[in-house]
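Below: one structure in structure tokens.
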Amino acid sequence: MAAAGAHGVAHHSTTGIDNRKLLMWIFLASECLFFGSLISTYLIFKGKSLVGPYPDEILDIPVTSISTFVLLMSSLAMVLAVYGAEHGRPRMMKLWLLVTILLGLTFLGFQVYEFRTFGHEGLNLATNQFGASFFVLTGFHGTHVGVGVLILASLLLASFRRSGLGREAGFHVEIAGLYWHFVDIVWIVIFTLVYLIPQ
Amino acid sequence: MATTAGTLPAVGAHSGLWSWLTTVDHKRIGALYGVSAMAFFIMGGIEAILIRTQLAVPNGTVLEADRFNQLFTMHALTMIFLGVMPLGAAFFNWFVPLQIGARDVAFPRLNALSYWVFIGGGLLFVSSFIFGGAPNAGWFAYAPLTSERMSPGSGMDFYVVGLLMLGLSSLIAALNFAVTIINMRAPGMTMMRLPVFIWMTLVVAFLLILSLPVLTVALIQLLFDRSFTTHFFSPEEGGNPILWQHLFWVFGHPEVYILILPSFGIISEVLPVFSRKPLFGYAAVVFAGVSIAVLGFAVWSHHMFTTGLGTVPQIVFSASTMAIAVPTGVKIFNWLGTLYGGNIRFTTAMYFAVSVIVLFTIGGVTGVMHATVPVDTQQQDTYFIVAHLHYVLFGGSIMGIFSGVYYWFPKMTGRFLHEGLGKLHFWLFFIGMNLTFFPMHFLGVGGMPRRIYTYDADLGFDTWNMVATIGAYIIAVGMLAFLWNFVRTMRQAPSAPNDPWGGATLEWATSSPPPEHDFDVVPEVHDRDPLWYNRDHGVTTPAAPAHLHIHMPPPSYYPLVLGGALLLMGIGVLSHLAVTALGVVIAIYAVWAWTLEPTD
Amino acid sequence: MTSETHGEAQLSEVRHIVPRIGPRQYVIIGVILTIITAIELWISYSPLGDLIIPLLIVLSAAKFIAVVAFFMHLRFDHQLLTRFFVFGFALAAAILFALIALFWTDATDAREPGAAHVAADAKAEPKAGADAKAGAAPKAGAAVSVKVTVKEFEVAAPAEVAAGAVKFDLDNAGAVPHNLRVIKSTQAPNALPVAAGAADESKLQVVAKTADINGGAKTSVTARLEPGQYLLICNVPGHYQLGMTTRITVK
């Protein structure tokens, strides 16, 4: 029968899916509810701020489009890193892991710039409902991106050991990639609902 | 742990504090959950006794108003999050691997982590009593009462941080059990051959996974309102207190199914064994459980009928709430069908199981009353609701859990709880519970509101409140009988055979208690009730080969370290953020080391 | 890890599925995602009006599905994973729609009346004068002045005023900011619909309003009033519910 190994690593499982991959997908289903609630709150308060600054005065669509593009490209870089790991090409994996990390940090940089600009223009958590729901939603998304950067950086660091990422390099990078792509698709939803849809 | 002769010796250290702190064995983790949860259950019971003592007579002087508010808030939080849920977790931990023929859960270290986060969060929660006062705004913490302005002390901050930690613990455990049940079943154990207890565990896991994130968002927004001057829930700057109610109850309603389904699963095991008859209508019971869970996400606003929802929402939620009574009724009839024509053995476990059918039906009937909007408009916030919720939670969850305790005690400890004392415990609980909670229906209809710390003498509440208090004391005596039974039993030497009750499911195919590796050889599974099938069809399980070595995951202290780091993060939010930063650093280290730790 | 052989053959071997999609295809998908994003950007600035929102949703859904199916390999992986993710996503979407429906009110323009209505005052005065000069208005002469005094928490004004051009002189005798709304309504003074903590102006016929003024300050606004029932309220959040409302009859 399936061995109850500590990592959930089993040569066999009832469904043929690896325990860790199953865990990650079920966790991502849970994260849909987390971000769904934050987005619901944002949409409920849309148009209900009593004082400004209001979204149409302060959101910078062109700049945010660039950061959205950066995050989308980071997903491309991620999937290339996974490809390299799965096909036994460690240099390709390391290169694209690094690119993903740099693109993720760039996205975070854009967010920091945006938050600080808004602060200077008079929008912070306490200003109005837009400030509260916007900063909490995008702040927690940014935190998720930050955690993702930490995970990828750990993988990259570990890959420089003599044994690299071990026999299951492709699997580890793929699982990390699932998390990273999820954070990207949440941003796709946020970018559309917060920035693009008319106020 | 003791093993009966002929089984393989287990490897690893078995005694000493360190072995408990680093265990990843599901049976030990289950024991930790069980003992901790019982201790918290007693604490919740003492809180209830204090409440009932204050309310025994009009114009009571036992408790002042604010202390009373803390006590009813903590009574609910303790019973729900530190009592019933971890008692369920204790049984999930103990019996999920055994019943599906696995040797442990999918992620043993994550399993240990969920315990350490639970105990850390639980102790943080109850420590609020000595650090400026416990939360006092009700377990559902409605805004804007919970705002910084109206609840200026630290009580509500303890509420937020404590619940975030407990939610994390439950989420981790739920993910673990979902993967385990889906992916680690023994050969032949298809989904429709799973014991109903396992099905209910799987359903509860998905309810937790999908509802906890919504509570997390509500708590985060409350934390921000209190600490960072946002106005999600306070109306002054355009916030909306009703938003809190919606987010809370989108979690809160699935939560009550999380509280009852484990108990339904347990009695679905106990009733067939002590009727010597398979469960009537297995498929219906399973599908009913799944339907209850799915529908459970569509009824939440029935807690809000008196908030001015509007006609259409009220109709929709009233209809869905009535609909959810149907699958529950299906289960009741299936349990009755199991008993009918059975060869009944009246053990203590069976008494508790049968009482669930009776008491939950009473609670369920009043629940359907609340589903009718005009009737609920009278009943909301009265003792009628208190009666309903205690019939389903005490009569349903608690009685079912104790059925499991008496049923599985020999398997877990190798000893039998004394039947005479057990039946005394049962009757004290049954009589006490009905004396306490039935009169609350009258009090509610008579107009007694909830959450009042006292009442005047000429309102017609006096007699029933006194009766209810007497009932509460009877329950307390029943609990003492149980504790005496437990202490007495544990002093005996273990003597239970593998299968004292003639059970149907796989846990009875190994020693009592099982060895560390659970099974020497996992029995073949050809049908539901696999042991009955094998017995009836002459299928035997071969003995273990002489030199068989079963490797179990080694103990680890990283779950403890990470649990401690998360506790520090929580403490820091309540005191100095430097402590949180320290916790984050230790957490990163712990995760890194955990990932690189060898597991074979 | 285990040397036990009993029954193992009946479990499924864990297969790590490496999809047969290579870097070229990934890059193509990446380019498509970029193009879709550019199109979305164009659409959000375009004059397509009511079509904008559905188009944006469809396009972002396409990006979402592309990343989930191809980058996250769901298209190539075990079906069970797709089912779990879709279920979680569908539940989140259903709860989101339910919550939005439960909180739906018409969009409230809750912004400061501010500058727009100072201009209205400036415009109203010459107009009233011009009407008077032309003699066309039924009431000869300048606008009638009505003194309205506000303080915590009441509005004091005459019970009646003549129809035509009416100039409301608002005097804040209180300590906190107040404002004035002149609402044409036959409702009882405290029976107006309320949303987000104030009277719901999107459901009311507001014929004149002022900006918020501090305690001790004054302002005025002029409106042409037909005969009928009106309510004078202060609509700083919370103030209406606290009683800052009074009826005035225009004859």
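Order of writing sets the chain letters: A, B and C. Residues in each chain are counted from 1.
In the analysis below, a residue touches a chain if its C-beta (ideal position, glycine included) is under 8 Å from a C-beta of that chain, and two chains touch if they have at least 3 such contacts.
Keep in mind it's a predicted model, so treat the numbers as computed, not measured.
Simply put, of A-C and A-B, more C-beta pairs touch at A-C.
The chain with its C-alpha centre at the largest distance from the centre of subunit C is B.
Each chain gets a centre from the mean of its Cα atoms; for subunit B and subunit C, those two points are 42 Å apart. Distance between chain centres (mean CA atoms), subunit A to subunit C: 30 Å.
Here the CA centre of subunit A is 33 Å from the CA centre of subunit B.
Multi-chain contact residues of subunit C, defined as those touching 2 or more other chains: 1-2, 4, 6-8, 11, 80, 88, 91, 95, 99, 103, 110, 196, 237. Shared contact sites, meaning residues of subunit A that touch two or more other chains, fall at 1-3, 5, 9-10, 13-15, 17, 22, 26, 29-30, 33, 36-37, 44, 48-50. Each of the following residues of subunit B touches two or more other chains: 182, 186-187, 209-210, 214, 237-238, 240, 243, 250, 522, 551, 600.
By the touch criterion stated above, subunit A contacts subunit C in their complex at residues 1-3, 5, 9-18, 21-22, 25-26, 28-30, 32-33, 35-37, 39-40, 43-44, 47-52, 54, 61-62, 65, 68-69, 72-73, 75-76, 78-80, 83, 86-87, 170-171, 174, 177-178, 181-182, 184-185, 188-189, 191-192, 195-198. Those residues of subunit B lying in contact with subunit A across their complex are 24, 97, 101-109, 171, 175-176, 178-179, 182-187, 189, 209-214, 216-218, 220-221, 224, 228-232, 237-240, 243, 247, 250, 522, 551-554, 556, 588, 592, 595-596, 599-600.
By the touch rule above, subunit B contacts subunit C in their complex via residues 182, 186-188, 209-210, 214, 235-238, 240, 242-243, 246, 250, 297, 301, 309-310, 313, 521-522, 524, 542, 548-551, 600.
Against subunit A, the residues of subunit C that register as touching in their complex are 1-2, 4, 6-8, 11-16, 18, 22-23, 26-27, 29-30, 33-34, 37, 40-41, 43-45, 52-53, 56-57, 60, 63-64, 67-68, 70-73, 77-78, 80-81, 84-85, 87-89, 91-93, 95-96, 99-100, 103, 107-108, 110-112, 196, 237. Here subunit C touches subunit B in the complex through residues 1-4, 6-11, 80, 88, 91, 94-95, 99, 101-103, 110, 196-197, 237-238, going by the rule given at the top.
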